[in-house]
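Next come two complexes built around chain A: one with chain B, the other with chain C.
Take a look at the complex of A and B:
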């Protein structure tokens, strides 16, 4: 670990985003590959099991087979299962992240007055939801859990973690054709996939900070070395551009896993106005023995990050046709045992309640017993 | 073993009838002015007549059989304790403490001081109770120590004397002060009495001479007396005050200098963690188009909203982790096997075990409150980690 006595960095190192959700590109790919392989195996096994069951049922009583799990059975396609590859899954997840953003926009309450705090909040909400999905699908596969339902859960969950709470019924209403149960069914699943860490560090507030300081430098409030001409205007322009990058590219690419929010923010500013930010970083890390290495490394990292951010522009042109094909393929290779999360959850819950009833009965009996003994002349028997 | 306990029932000092001189066998019954003396050489008791008789003509051997000490008349004195063992021990202690006269403030720790005391005590024990060899060794040690630390011993002795002198002087001054005060008070009381007397006399005179209303005159006189006495009281109080300050001006030498106790610093919950940012300084105020309203708007500020908080937070986030290069740092972590944890979690998660115990509520699995608690916990953990890190750095 690079030794650094800067307290800001140390404090970032304590965050869960750093401890659990930061990966090198190689390790991230490895994780995704493993997940994909495991999920594919499970899908094949599950399909095989369902087919067996169907074969057994059809050989016995044909009418009964329709009643049991007709939905799951009907979803099982014939022939060898053609599973998604890692790249395909990634494309799908990105697509659904995009959809999450749109859904978030859809949620936005129309207000006459442009409310900045509310806007910020909603932005953070969407961003958090997208990050939840991205994190979840590192260790889970689209083939196991449908991203279409999960994204609603993620969005709903983000409303809670970002302190912008909707009532569940209201939330479900706002999203057409969704039942509250559907959203809740995968909620615990999501928290599990997130390894119970809910804190996502976004670069939005960081951007405000940097821009504030740049603006102050432009006004001459902070002695920040030599100034550029028309700095105030340039800062404003860079701010707008960087914001756009943070709103979409930063969320849809993997930069959150590979860079810190501060770096992401700086990279987006770097894309917007290279000269300005080079000057700014130069004033922050004045050339010196210790800073020289850091600033060189930092510029390298920022360049890579910026490249990654810009790569989305090319990706976004990926045609709809391909996505449609992928969605179709996904429908064919879903894990048939995990399609109906609502009923799985209900089954679990009912199983629970049965156990609960037993416990209640047992306790009641014990209570009665002890009451009876308590009336004895010499009290209840001493427990050994 | 109890050192000061009587050795046996035949101990001569414990016998009240033992008023016989062991040398000449003369009895208190026959000679009421019988006085026993001892010599700290051997602590053998004998009557003053015997001492005169034997030692007037110069040093001579102790008359007690098998003693063998040569004694001089000058060395004889009256025993303070009836039990001569105690007398001897006290003498030895006096002698030892003259040499081993270190003070507690010479030692750095309490433990050192206690160790020193123990050493001295064991030396004393050897001298008092030890066998001949022990005694000789202890004697040798005492001598060695005396020679080695002659100057320090002398200094400490002087200091001790000064202290005693100072104490004595202070006591004397206090006594003198008390006497003066007592006299002053007595004088005061006398004067007051005379004054009252005088006032009464004047009143009677006036009543006798003038033709005015007797009641009015009496009242007036009463008032005058009261005023006088209250004035006097004020004066005495003033005098007492000045007296007090004069007392404190009295310089007393030889007192230990008092070092003012180190002022306790205010409690620091983060144990001195420096949270001052290294990469930026938060300015008094920033121009921000979004915050323009909030700055002026009473409704924002009335609730205690602090823009400084916002500034500090945004600036912190802007630079928190700027120097953290994940690619390097996390690659190291991967070797420690952290990534394997990730895959294990993946395997488990893809099995899709939905934990039992999910209750359908309108609020969902985790309420908002619960989540915010979790997040604040995380923040707290972060601070603690920062603290730990700082401690590590200091080490």
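Take a look at the complex of A and C:
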């Protein structure tokens, strides 16, 4: 009757983060490429439709023109549409993820807790929101759904899933120049893009655990720390550095898609103090032939993960100029039919609510009835 | 769609979606193989990949007759398209006019946790899809044999004994252990949230109040768990707590299975505390260091000493000596000293006689589909004041953290 022992790895493999949100770099690129190509096709089609409608409207045939779409019509540029590439989309998404981290700082959270927990609170919130955005844009394109709007929705939704619930109006107030309905309009799209999985596994707790263990080694409470001089101080420094990596690079790069939270944590420590981590890993996997293969395999994975974490440092200088150009390009290739999400959402809701099954049946009967009456070439008798 | 690596089964079937206008067009496009979806076929919009995935899920299931209708959700019987004998329950969450803040927190909690927890003693979430654009449908495993509350209450029709109780408690214990092992607190364990599968397996359901273990220093609401199953720390307003809250509830389910009536059934929080004092003993600094510091700590005078084993044997003796040990471990007042889910499963009770009844030999009551409809359509996570009573359910999402 004793519980079968389930290793941490086995448990992780049951998570949606592993089952649905882990990819090889090649498969991730393939998904993003497909998404980008589909979206580009859709933009061209939508632009074509809007132009057709406009042409029809200007030729006096107003019945075909969609009156409510005037905003979209005016947004359609002339000429061939120049769509974003996969790389360009990725740069934009990264940029907006960065903004999400900054936006989260604006939120006023209740101050009934100590300051450092306040920071942790915000970190979980922002970290989850950023992962939501990154996951969403694997199967959705910036050209279809504007990341500037979606990031607010992601942040709001994260307040619900991470148990930091805000009143929507308060949230919208805290985020300048945002209307509540704008935030809600893409909430459903977001949850669909997330494939209705909301749990994100972060490496933050793992780091705290490893650091506690390292400190215990440094204090001599756990053997193995005597080989390194000034270990206590080094642990403290590595902790700080690793935290920085987890708070930014880990969130903005693709490491969550390719590595487990504990690997990400270890890699961030590895960047901070390689010698320290070698010692730590050595205490877990004592050198010897039995552990040689697994040790080598682990180090290879950690090094690759560390490399990816450090790649952000180079990208981060991605000049404002380039981003400005990308933002401008995006404005010209937005899908004109998906710009006014608030109206689309309203139309869907209003359309849905009343159509329950009985009503549908009744309408069908009425239609059939009128169809019978209408068999006469000139239609049914006019009702008086 | 030709561009997509995703196969979309049924997308060309009958126009079951509301977008029938597009369906007919995509029918045309997919009739011609190798059609590129670009300018050559400009009128058929390519769906977002997310939309395609949703369609794919939706078309795996056939929605059948309605099993139950509630304010929060309707429950339908359904089955797999590819296998009509594989039954499922489809819980369609209604859009709530009264809740204007988007997807409701209880639905979010239920989805978030059920997506992660996969265990024979936890109801399986097989799929999620949206219909008519915005209605969420949760595809759950079909559990046709009702719940433990039905069995407990039917004292005329259902007879069961110590071996049966041991089997049910084992399944409940494993389900709760798996939640805690995955850092999830259920926070609403009670007999009518324990559903029974066709093969007799007991499954923990209703995760509408569940949440992940909190970080240290993060506060949680103490307003969880139906009153009769609520542990003393929550009644005293504790904002930091652990899996021990669920274990207390498990203990009361155990007690109720034996005596076939709720063991500690107060009709107010104050009375609940007073009944706990009588049944278990009065929480004091002696037995529970720190308890008097809890925000709403008040106990009736004079204090009752903590009950000894004899007291439990008198009421719950049919569970045997070791069974009573387990029960007492679950009902320890101080949550830090309460038995854990893992310790429950490691207890020697399981290997002592009688052996737990095999699933196929467990007593059952034919509840039929109506019961799962009743159980699933309830708004998850809303605490009913009195079991079975038709009370208006309060909508309060504000403090539900």
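Before moving on, here are some points about what is shown:
Here is the rule we use: the second predicted complex is superposed on the first by the 327 of 384 C-alpha atoms of A that agree within 3 Å, B and C clash if a C-alpha of one lies under 4 Å from a C-alpha of the other, contacts with A are read in each partner's own complex, and residues count from 1 in each chain.
The rule is short, and it goes like this: contacts are C-beta pairs under 8 Å (C-beta built on N, C-alpha and C of every residue); 3 or more make two chains touch, one makes a residue touch a chain.
No experiment lies behind these values; they were computed from the predicted model shown.
With the two structures aligned on chain A, chain B clashes with chain C.
Of the two partner chains placed by the overlay, only chain B lies in contact with A:7; chain C stays clear of it. By the document's definition of touching, both partners, chain B and chain C, reach A:167. In the superposed pair of complexes, A:191 makes contact with chain B and with chain C alike. Using the contact criterion defined above for the overlaid structures, shared-chain residue A:48 touches chain C, although it does not reach chain B. By the touch criterion stated above, A:258 is placed in contact with chain B alone, chain C being left untouched. When the two complexes are overlaid on their common chain A, residue A:102 makes contact with neither chain B nor chain C.
By the touch criterion defined above, A:311 reaches neither chain B nor chain C.
In the superposed model, B is the one of chain B and chain C that contacts more residues of chain A. Look at A:85: by the touch rule set out above, it reaches neither chain B nor chain C.
Within the superposed arrangement, the part of chain C that overlaps chain B, taken from 27-35, 63-71, 81-89 or 117-125, is 117-125. Chain A uses residues 1-2, 6, 11, 14-16, 30-31, 34-35, 38-39, 42, 139-140, 144, 156-157, 160-161, 163, 165, 167-168, 183-184, 187-189, 191-193, 195-199, 205, 348-349, 351-352 to touch chain B in one structure and chain C in the other.
Of all the residues in chain C, the ones that touch chain A in their complex are 3-5, 18, 37-39, 42-43, 45-51, 53-54, 95, 97, 100-103, 105, 108, 111-113, 115-116, 118, 128, 130, 132-136, 170, 174, 177, 181-182, 211-212, 214-220, 342, 345-347, 350-351, 397-398, 400-401. Across the complex, chain B is touched by residues 1-2, 4-16, 18, 22-25, 27, 30-31, 34-35, 38-39, 42, 116, 138-141, 144-145, 156-157, 160-161, 163, 165, 167-169, 180-181, 183-184, 187-189, 191-193, 195-199, 201, 203, 205-210, 212-213, 215-216, 219, 221-222, 258-263, 265-266, 284, 294, 297-298, 301, 335, 338, 341, 344-345, 348-349, 351-352 of chain A. Contact residues on chain A toward chain C in their complex (touch as defined above): 1-3, 6, 11, 14-16, 30-31, 34-35, 37-39, 41-42, 44-46, 48-49, 112-114, 117, 120-121, 124, 139-140, 144, 156-157, 160-161, 163-165, 167-168, 183-184, 187-189, 191-193, 195-199, 205, 348-349, 351-353, 355. On the chain B side of its complex with chain A, the touching residues are 273-280, 283, 286-288, 290, 311, 313-332, 334, 339, 342-343, 345-347, 349-352, 354-368, 371-372, 374-375, 378, 381-383, 385-386, 389, 393.
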